[in-house]
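Here's a structure for you.
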Amino acid sequence: MELIGIFKYLYEQLVATGIPQVWVDLISLVASAVIIFGVLALIALFLVWWERKLSADFQQRMGPMLTGWHGLIQTVADAIKLIQKEDITPTKADRPVFFWAPIICFVAAFAVYVTVPFGEGLIVSDLNIGILYIVAITTFTVISLLMAGWGSNNKYALLGGMRSAAQVVSYEVPMIVAILSVIVFVGSLSMVDIVESQALIYQWYIFRMPFGPIAFVIFIIAATAETNRTPFDLPEAEQELVAGFNIEYSGMKFAMFFLAEFINMFTVSAIGATLFLGGWQGPFLPSWVWFLVKTFGLVFVFMWFRWTYPRLRVDQLMEFSWKFLLPLAFANLILAGWMKYSGWFNW
Amino acid sequence: MGIIKKVPVYAEKFPGGGIITTSLNYIFSQSQASSLWYLLFGTACCAIELMATGASRYDFDRFGMIFRASPRQSDLIIAAGTITKKMAPRLKLLHDQMAEPRYVIAMGGCTVGGGPFYYDSYAVEKGIDHIVPVDVYIPGCPPRPESLFEGCLKLQEKVKLQKIQDWS
Amino acid sequence: MTEGLRTEEFQVNMGPHHPSTHGVCRFILTMDGEVIVRAEPVIGYLHRSLEKICENRTYAQCIPVMDRFEYCTSMCCNEVFALAVEKLAGIEVPEYAEYLRVIMMELNRIASHMIWYGTTALDLGAITPFLYSFREREDILDMFEMTCGQRLTYNYIRIGGVSKDIPPEFIPKCKEFLATIDHKIDDYERMLTENPIFMVRNKGVGTLSPEMAIAYGVSGPSLRASGIKYDLRRDDPYSIYNRFKFDIPVCHNGDCYDRYIIRIKEMRESAKIVRQALEQLPNAEVNTGKMVKANFKPAKGEVYSRIENSRGEMGVYIQSTGDTKKPLRVKMRGGSYNQLQVMPELVKGVKIADVVAIMASLDIIMPEVDR
Amino acid sequence: MTFEELTTYLTEKFGDKLELLETGKFEPFFLIKKENLVEICEAVKTDDKLLIDFLCNIGAIDTGEKFEIVYNLASIKKNIRFDLKLVMEYEGAEVDSVQEVWPCSNWYEREMWELYGINIKNHDNLTRFLLPDEWDQGHPMLKNWDAPDFKRMPEVE
């Protein structure tokens, strides 16, 4: 079954009704936005459940068991509970900043998916600056965390917000440089072009020796830091900063941060799968299945990190980024450029 | 939540509108009961039992109960361990910081009524129920994890009986 | 720096309700950015006036109160009080009961170190080790439970002996536990000891020089991590510790990592002691000792008895007037009290994350401090 | 050093400044005068044969007639243990701080000041310690202390 066929059929039916083309485009855009929102909300809820189950497996526990089959609707219950919970704004908070922070975080997390190719042709809009757009939008998250930290008027929240700003800015650079080394090879910023250049398994960028694996590792490390997960979960370090930037948030606003965190994790995994693991490319199965398999595989790696490693200290984190990761990423970029130029490895 | 609280008022004006109220009631109370996030609040011996209950053999997560470090995000405060006169204002502060609906479990003899420190102690608060409203009392010094489970299940029963009209 | 840009120190209140203050310790941290300028511990949030309570209880009634003094190693608390009263009254403890005491105390030491291992990992952000160590701790608690019916506050070691004999299932269960414990500790080590992040977080952090350690009365594993080989089980032997062969692990850097290594090694040594005690356990006569009655009055006198607890020297000072059933004064001394006192010196100039690491490595728990 | 060696050594060294008590059975208990406290503490810390570097514990006792203060001392290097004891009247109870000798005495003395009302001379931080900040009911460890919500355990035979 190819999803794209269904969408094409629906689109043709819409055109056949004879309404003006502008309306057709508008309706299809809105419809795709709704579909993506729904799918991502489901994925986020699933990821929360999966994380809890996985952590339980790592720790020889059961995890959620009593709400639904093996706790499958546990996160739904959590979400409904968070909706009905009282929404507190601290008296001394900076109200507009406090109010907008979770919304920006949530919207930014979803806005990325405009240019993520879920499968062959399954993309809302194939922008020719696709990857640039993604990198730009994901940066919004840090602004929202900074806003949350500042707006809460809480010292722990402020420390958490500052930490996250410092951290995301430092790891953004090696991540982009790692992405650049792929882009240098593809010669295009479009996500579809990137995927199409890795049609066969030995063309996946992770297998392009020697620069591919290095770029991939740099990307994974930087992405872990970008999504604020262990061992780089300093902004919400429970044992130091109680809950970090979201310490004052309750109810729905907290749920927004919570879901956005998981969606961000899915985002970076999707980017990783697209850039290094061939995106939707794969035999036999439908393209979107391949995409999901690869993305969830990367998500699993992130979760694995989280339940294994302790946390770094903030200065060690910075040192690691600026003194090790960044020089490595630049060297790798030069290597990639040289390989592309010499044409030796252009299979 | 103000809006949800208004739903029964309007819905029941229509014939058969009661079904909306009851099903909303069911969904909300069930999800509240199966997702009681507890505040990481432990002072003395009971805190060790609370940790043990969260650990592998007993596993609180089965009931959907996970700990949150921030009182804003937790629904339930398990007062584990002795509350002294110095600590009592802090407990009250934490309870005030929690968002409605919020619940309190008094775990262990000390929080129920002073326990082993009822006599001859000048520093222990004799029972926490004159500081915060308590929903479930669990006696024991310290209570076994099984009795903590029993207390949490009792609390779930209580939560399931709540109606959305009652929310503040 | 731009001219006129002024930075300001600010105060952060850490605790008394904070996930990593091991109960209810409170620090008022004066910080410059993320760096600690000054730290002032504020204690007393768990001050339950145990000493006042003991003054108004008979000697036998004091033992359950001692349980609450340091609930991670309640057996040792019972022992230190019983030891003091036995010295005062000149009570002989039967050999069989002494062996049971040693077995229980060493098992309890392992259990206490397991709590420390779990919470240390938790404080550094790794969650899984916590659940691993609590899994094995449950086995130890099972053994205690089958012996005295409680999981945490045992009231097992009494004045004059132990409250009851071990059940027949105890020894096979204990042997099974001892057979696997070394592998389990290997597991723990695999998770943290060589972990690069763990090492970089702990090495060179919170270095405690031996001079400072002694001056501040730091004792137990934290003192041995600073390079001083001092263990009351060897240097001031109480009970029957002089009958067992065991090493006293010593490290020399005195940082958080050494304190970690020491405690991991101590778990193995404790297991060794339990193994020997089980072998030597006299089967001929099962005599758990004669408990004292409610109207028991030791002779006039005073004594300070001390034992090696998992957190350092645990002592109790008892003064008896000789004509009442109640002690005139019971003063308790816990290792954490002094280790918390040295904290402000250790945390000067470190990051806030290190405060958590240092506190975890010193293994401070609050009931011992506040009493 | 055994009990006897230690006793003779200390009595020879300090003469009539200290007096052996009969109540101590396992470690020697010496009664000293509070004027000599800091002097004796410094002397035992620096003495080559004693090297008392470790202060185990300081405890105040309210005997119902007067205050006693016990210093439990130990040497890690020489493995020696003995105790010093002070006796003083309730009126104007005051003692010198020994934190110059052993820094860890700071908290013990602070606790003594708070719970017994014994004034500590030359102490750098006599502030609220274990009791709540707003505490105004006096010194609770005194034998005759009482408060409205303080219940004594009934006598059971």
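Every chain is named by a letter (A, B, C and D) in the order it is written, and numbering of its residues begins at 1.
Here, a residue touches a chain if its C-beta (ideal position, glycine included) is under 8 Å from a C-beta of that chain, and two chains touch if they have at least 3 such contacts.
Just so it is clear, the structure is predicted and the values come from calculations on it, not from any experiment.
Undergrad: Stepping chain to touching chain, what's the minimum from subunit B to subunit D?
TA: Shortest path length, in steps: 1.
Undergrad: From subunit B, which chain is the farthest off, judged by mean CA positions?
TA: If we average the C-alpha coordinates per chain, D ends up farthest from subunit B.
Undergrad: Taking the mean of each chain's Cα atoms, which chain ends up nearest the overall Cα mean?
TA: Measuring from the global C-alpha mean, the nearest chain centre belongs to C.
Undergrad: Just curious, how far off is subunit C from subunit A if you go by their C-alpha centres, in Å?
TA: 45
Undergrad: Measure off the straight-line distance from the CA centroid of subunit B to the CA centroid of subunit C, and report it in whole Å.
TA: Here the centre of subunit C sits 31 Å away from the centre of subunit B.
Undergrad: What's the distance between the Cα centroids of subunit C and subunit D, rounded to whole Å?
TA: Once rounded, the distance between the two centres reads 24 Å.
Undergrad: With chain centres defined as C-alpha means, what is the inter-centre distance between subunit A and subunit B in Å?
TA: 35
Undergrad: Mind pulling the subunit D residues that touch 2 or more other chains?
TA: Residues 130-132, 140, 152-153.
Undergrad: Identify all positions of subunit B at which a residue touches two or more other chains, and write them in rising order.
TA: 55-56, 69, 84, 86, 119-120, 122-123, in rising order.
Undergrad: Specify, in ascending order, the residues of subunit A that touch 2 or more different other chains.
TA: Residue numbers touching two or more other chains: 59-61, 238, 242.
Undergrad: Applying that definition of touch, give me each pair of chains that meets it.
TA: Those chain pairs which touch are A-B, A-C, B-C, B-D, C-D.
Undergrad: Which of the residues in subunit C come into contact with subunit B in the complex?
TA: 16-17, 19, 23-24, 44-49, 52-53, 55-57, 64-65, 68, 71-72, 115, 118, 130-132, 134-135, 137-138, 141, 151-153, 366-367
Undergrad: Under the touch definition given earlier, write down the residues of subunit C that touch subunit A in their complex.
TA: 10, 12, 18-20, 34, 121-128, 131-132, 135, 191-192, 195, 197-198, 200-201, 351-356
Undergrad: List the residues on subunit A that touch subunit C in their complex, please.
TA: 55, 58-61, 155-156, 159, 163, 230-231, 233-234, 237-242, 307-316
Undergrad: Which stretch or stretches of subunit B touch subunit A in the complex?
TA: 1, 4, 27-28, 30-32, 34-35, 55-56, 59, 61-64, 66, 68-70, 72-73, 75, 99-101, 164, 167-168
Undergrad: Which residues of subunit A touch subunit B in their complex?
TA: So the residues of subunit A touching subunit B come out as 52, 56, 59-67, 71, 74, 76-78, 80-81, 83-88, 238, 242-243, 246-251, 254.
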